[in-house]
Structure formats: C-alpha cells, structure tokens
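Each chain carries a letter (A, B, C and D) given by its place in the written order, and its residues are counted from 1.
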Amino acid sequence: MAWTRDKMCQRAALELQDGFYVNLGIGMPTLVANFVPQGMNVTLQSENGMLGMGPFPKRQDLDPDLINAGKQTISELPESVYFDSSDSFSMIRGHHMDLSILGALQVAQNGDLANWMIPGKMVKGMGGAMDLVAGVKKVVILMEHVAKDNSPKIVESCTLPLTGQGVVDLIITDLGVFNFVDNNISLIELADDVTLDDISMNTGAKFEVNLN
Amino acid sequence: MVNKIYNDALTALDGLLFDGMTIMAGGFGLCGIPENYITAIRNSGVKNLTVISNNCGIDDFGLGLLLNSNQIKKMVSSYVGENKKFEELYLSGELELEFNPQGTLAERCRAGGAGIPAFYTKTGVGTMIADKKETKIFNGETYIMETALKADISIVKAWKSDNDGNLIYRKTARNFNPVMATAGRITLAEVESIVNTGELDPDNIHTPGVYVHRIIQGDSYEKRIERETTSD
Amino acid sequence: MVNKIYNDALTALDGLLFDGMTIMAGGFGLCGIPENYITAIRNSGVKNLTVISNNCGIDDFGLGLLLNSNQIKKMVSSYVGENKKFEELYLSGELELEFNPQGTLAERCRAGGAGIPAFYTKTGVGTMIADKKETKIFNGETYIMETALKADISIVKAWKSDNDGNLIYRKTARNFNPVMATAGRITLAEVESIVNTGELDPDNIHTPGVYVHRIIQGDSYEKRIERETTSD
Amino acid sequence: MAWTRDKMCQRAALELQDGFYVNLGIGMPTLVANFVPQGMNVTLQSENGMLGMGPFPKRQDLDPDLINAGKQTISELPESVYFDSSDSFSMIRGHHMDLSILGALQVAQNGDLANWMIPGKMVKGMGGAMDLVAGVKKVVILMEHVAKDNSPKIVESCTLPLTGQGVVDLIITDLGVFNFVDNNISLIELADDVTLDDISMNTGAKFEVNLN
C-alpha cells in the first residue's frame, strides 16, 4: 500500500510540461529528473548559476567548477547556460521559473511551508528555499506523509519556522495528493490502496476532499 | 600605467587588513572560492572579521580555515550546514550569524555595488527573516525592504584576468564572485591565468576591470570537490 | 519540444497585440533596435501604445515609424532629442511623455524582470524627477524610490540566438536589450542568425533562453547609423 | 585674453590621473580625450555600455553596432569591454567611475547643476546626466563662462530645472577655475590675462577667492 519513492516521483513528473523551466530541491525532488517523459523538454535550473543541468558525470568527467546547488558534481548539456547568483535569483524572484519541487518538514492547511529549520537543532540555513517559494510560479512539495516519528507533516498550522507564507500549490506524499486553491487545502488523489481513513489518521490539517 | 598585478596574495593584501573589518568572499560551497586569499588572511592573523559569503567552507578548507583560527566574529551567509566547527562556535556564543536567503544575499551585494541603498522583495515575507524589517505594500502584496551590503575588501576567484583586471569565470564557479567584485571598496581577484589585455573577447567579460583593484595568479589551486557524485 | 522559432515578425506577434498595451523596445538611438518587430507593429495598426524605450528613433526609422502613424500614446524614455515629429505631437498634446534618467530607466526594467517592485536611488534627488516620489534617508542621505517597469511584450534585437532562445549581443548594440528581455510578460527576440543549441559558449550567453518566448531571424537589417563620425 | 577651447580642455585634462575611469559628456568634454598626457592610462566609459572607448574610426571601419552615448560611431581598443545599460549605470551609480566632465547651462554657488532642459523650448531629455552627477566620484563642469547672450552661467541659484543638487566639484571656464568645498564655491585659478574684475563682472554667484 501507498506509493514507493519511484511512484511519488512519477506522480510529481506529471506536473512537468514541455518547455518548462524547473528547479528541483535536494533529496527526493532531484530524482524527479529521472521521470521526465520521452520527448518532453524540461530545462533544469540550479540556483548556484546554471540552466540546463545535466546528469551526474562519469568519473573521468568530474569538474570542480561544475556543481549543483547541493554541491554535487554534475554535467553539462548542449543547452547549458551559466550565470551569476544575482542573475540566477532574478530569474527565480522574477517569476520566470515555471515549477519548483521541494521537500518539507511541515505544510499547513493554508499553504504555509516550513522546510529549513528545527529550533534547538543546529541551524544550517535556508539557502535558496525562501527565494524559490516566493518567486517560482508553482511550488510542489514532495515528501513522506508523516515524519520519522509518525507525526503528521501536513498540519493545521506550522510549529516550525516558516520558509514562506501561503506558498504551496500542491503536496505529493506517499499517501496521496493535495492541492491549494486560494490557500485552502483539498485532497485530490489517493495513492494505491490508500483509503480516506489512512489519510485522515495521518494528517493534522482540516482538508476538503475533491477526489476525481 | 597603474599596475594591478601583484606577486602573491600576501603582497596584494598589504595595507588592506585590519581587525574588525568586513570581507566579502566569493564562491559557492568550495566551488570558485579565493583559496589563496583565504590562506593569506589566515596567515595574517587579522581578527574579529565579519565575513559575507554564501557558505563558510568545510572544517579544513575554504573559509573553514578562518573559523578554526577563531578569526571570524560574524558570518553573513545563506547556508553553513557543511561545517561542524561552525556549530561548535555558534552554540558557544563565540560566533555571530546572520542568515540571508540566498537570492536576497546576492541582491544585497549587487545593490551595494550598484549604488542602490535598499530594495523590496517578497522573499522571506512572513518568516523570521522579516523580523524588524520594514515592509511596504505594492499592488496589494506585502514586500520587505532589504538593504545593500558593502565590504572593506572583496576577495573573488575568476578563471582568467587580463592586465586591466577584466575577469572571466568558468561554469558554476562564477556564482557570487561577480556581484561581490562590485561591492568591495577594494576588490582583490585571484585567477588561474593572467593574459595580455586584448586577448579576452570584449563581448564576454563577466567583471569589467573597473571593479578590480588588485590581481594575483594563484600558484596552485586545490579546487576541492565537496560532494563527488558520479553516474558510474 | 516547444518551438520558439517563428517565420517572421508578424507571425511571431500573432495574438499578442492589443490597443492600449505596453511595449518595451530595446536599443539605444538606432543601435540594436528590433527593426523587424517595429515595422510589423506599424503594419498591424495597433493603437494607443505605451512604449518604454530609451529613445524614440528618428523621424523615418526605428520607433519614429510608430510616431508617424500616431500609434503611440505615451513614451517612457530618457532622451528623445533626435525626433522632430516627437516635438510636434508632444507640443500639440497628442503624445504623453515620461522622462526617466537613463540609469533609472535601465534599473526599473531590471527590477521588473527580477521581481523587485521598487528600489532607492540618489539619481534625480532634488530635481523634477523626484516630484511626487517617496524619499527615504539612508546613512544621512536622501534617496528617491523608483518602481519596477514591466511590459505586455518586450521586443529585443540580438546578434545570435540558438533554438532555445539563448541570446548573444554584439558590441554596444547590447544596451537596453538584455534588461528589457527580462521584463516582458512575453519577450520576442529578433536576431541576425539562429544557430543550433550547443553552438554558443555556455559561459557567454547574455540572455538565457528562459526569458525568450519567440524568436525570428530578421530577413534584412538596415542597421542605420545615426551620426556617422570618422577620424578621416 | 581668456582660454581657448584647447586651453580649457588642457586644464580639464589636469584633473585626470593614471588609472582613472572617466566619462566625458557630449560636446567640449569629449575633446578632453585628446589631451590625455603621454604614458597616462585613462579608460573612457560610454554609458550606453562600453569601457575603453577608442577614437572615431576610419571610414572603412564604421560599425553600426559600435557607437558612443552621443550616437556617434567610435572604435574599439584592446582594453574595450561591452556590457548592458543596467550594468553600465551600476558602475556609475555605485561610485566606481572616478571622474565625469560635463557641460552646463547653469551652476549655482552651492554646486547645483542645470544642464538638461530649458522650459518653453523643446525638451530633449536628461539621458544619463542625472545618473552621472549623482554617482560619479568627481564631477567637473567644462563650459564657457557666460551664455551666448552674455548672461552669467555661474549663478546665485539655478533658474533652470536641476540635473542634480550640490553635485558639482569643479568648474572650468574660459575665464578661470572654481572649486566647491562643502558646497561653497571658490575661485581658485584665473585664465591667461583674466583679472578678478573680469570674473566678477561675468559671474552671478557670490564666491570666495582662493588663488594660489
């Protein structure tokens, strides 16, 4: 029951459209790149200064001057373009990127997002996450439905410090899919063999149900 | 003619370092960092530095070297998660930290270089980043005001320079270097090679020489890879 | 794959023109202007345009063509001194004019593209440019607030494009084109040649393709010289 | 008596220093480029997007893609660099240019400058003049001492619309040189065979005299 990580990524890939410029966050969102349909052209941005990010390189092609926003070595494609950090975030802040897929710690029923900080634990920093959620046209959260301690991650209101207010457009978890219309959350899909009860038991938010 | 080329990092830094100063350092993670200037600043022993840089290196490389030697008083960064020494100093109160969203950090540096004292952005509205910052409504939406950043010196790493200080960067090693080059009262560039003026394509200069006051050709670049990831 | 390449200017403009719209046009004087789009807009007969462009061409070329056909309601510019028809229309009240200092105009376009609703500048403080604008004091000095500019469409001229819309410009024909390319809801580029994606150097793209929605290869460029000046 | 245009330009050239980045306005200021001392390296900016502006080209080298801010054809030098209008004015506004030499209609005794508009006559626009006087480290005005109708151009306060408030650092005219310290004007040099009386008769401002 429920979706595997691959199935979650496949579902996330349905949000892609031909010609989209997309930023994928660190972790599971990165894997969505493996599920771009044949014949569809999606250009990946890396916010440290690249459009047209290619896959991880062969060992003999490792280049210390060519990394992604997660500091991993990557490769170049024919369509690759490099630019500086200011130009990169102008692209993001100025609403030129079509889609960002990110992980989350908590999403509230009004679309608030917390994904950068757990007080009391060491603070690593928000990196580009606040800019992405404030500026990208559509923000999709791809995450496990519950935390490691089984506490719900979709909540009435975020208890963790926010990354952005009312910024989430869609949540994809292993249990289903929620969307936001005017900052109101609705359950719109159930994962394989998942029931509405499964969702309710594992969700801290009040949500409408609009399954097709 | 004014000579911008210096023999080495310590010579280039001569007369510019003082305790309590603010230094901007280009680079993203360990990519495109001014390795030679960082080492020279470590060796100089200058103290109580405010360092503006997207990250703070790792424990034994990059700006992490200045953490180990307790030369940094305050970091202005967007992400410092790669660095255990950072955590230790921060939690013990020996290190101040000002987080900026990455795009806000880049734009604040650009503003500093471009004579823009402040600008408005949606990034961080409703988060702790907005605390104590002025807000203003444009077209019914709330934005926060962010102010410009400048530095006593900026240290940047480019791929090539000509004798006039026109710089070009390579791939994602560009990152914060061009904006920080504009925001230093004095900007010091280190490069992998210096070519004669006229050899670089005038349509493709990333940092015009007007921003670059001192240049060195680094004598060795470690260019460490932080997260080697392959498809093999 | 989405095709950005169109056969000609009129085809590329299809569905985008409407009376009362705002158009940003790159170029400085007659240098680096989108000749083919201007002609197509003239031929379309669209009216009541607000045109944001540093200059307004000359009487029989560039944006002057749209003045002659009375299609422009308002110009947002920094300098229009080359154009007699402009004077005539302005003095008779048929044409509105909003002057912006050149650097403020460029920065307002950049802000529009970069999601910055407003910024502060010293340019124009104490002059008529500051009339009715908010001011704010930073470090004891007064600055004025300038707001972002956006357009329904931006028309720009580049030297080369690849199939993805990555653009490069040539010499001073670059001018306002890159910032205006970022500030159009739809941006249309015209170029002297279109090359295959991969043929342009990825370190040297002036306008990344994300900003460019429609591209044409202009079939002839007059590239008129406004003030031929030689040392002969 | 008084300085010729060449002498005025020579005097203006004394404000140049080795390594300076300089913007020269349209008209007489442009001619100062001809008086850069041998061995001194001065980089000229053209605010439409160029550093390292060369002289007017030979006829066979005319290039419509290569013009200066006055829309004149120019030439390239080995040190030339091109950039866009936003980058060009970042350079200007951000105090990176050392010197700007401009013409003027009026300069007031407090350093106010009017050089872009005569109400009632057709308005051409300020172009980059307001940005230059607001952003360049040192602003030098190079102009005839009086207008064509012999009315003074150095005045108590500008009657024409301002280009900038208290922005002028030095005035060089055919009759002499004035500087400004804390927005207070002083006469510091007399042109050849010019007397203090000549200056006084042709100047509308109250000025101190600090001749060396």
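The definition used in the following text is that a contact is a pair of C-beta atoms (placed from the backbone, for glycine too) under 8 Å apart; a residue touches a chain by one contact, two chains touch by 3 or more.
Keep in mind that what you see is a predicted model, and the values were worked out from it rather than measured.
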**OP:** Enumerate, in label order, the chains that touch subunit B and subunit D alike.
**Re:** C
Subject >> Fewest touching-chain hops separating subunit A from subunit C >> reply: 1
Subject >> Most distant chain from subunit D, judged by the mean position of its C-alpha atoms >> reply: A
Original post:
Hey, how far is the Cα centre of subunit C from the one of subunit D, in Å?
Top reply: 28
Subject >> Separation of mean Cα positions, subunit D and subunit A [Å, integer] >> reply: 54
Original post:
Distance-wise, how many Å sit between the C-alpha centres of subunit B and subunit C, to the nearest whole number?
Top reply: 33
**OP:** Name the residues of subunit D that each touch 2 or more other chains.
**Re:** 76, 82-83, 89-90, 92-93, 135
Original post:
Which subunit C residues reach two or more other chains?
Top reply: 107, 110, 114-116, 121-122, 169-171, 174, 202-203
**OP:** State which pairs of chains touch, listing all of them.
**Re:** A-B, A-C, B-C, B-D, C-D
Original post:
Okay, in this complex, where on subunit C does subunit D touch?
Top reply: 28-32, 54, 77-82, 87, 90-91, 97, 99, 101-107, 109-110, 121-129, 159, 169-179, 206, 223-232
Original post:
If you look only at subunit A, which of its residues touch subunit C in the complex?
Top reply: 18-19, 21, 39-41, 43, 45, 51-52, 76, 78-83, 87, 89-97, 135
Original post:
Taking the complex as given, what residues does subunit C use to touch subunit B?
Top reply: 107, 111, 114-122, 136, 138-139, 143, 147, 168-171, 174, 201-204
**OP:** Give every residue of subunit B touching subunit D within the complex, in rising order.
**Re:** 1-2, 110, 112-116, 162, 164, 166, 182, 196-198, 202-203, 205, 208-211
Original post:
What part of subunit D is in contact with subunit C in the complex they form?
Top reply: 46-50, 55-59, 62-68, 70-74, 76, 82-86, 88-90, 92-93, 112, 122-131, 134-135, 161-166
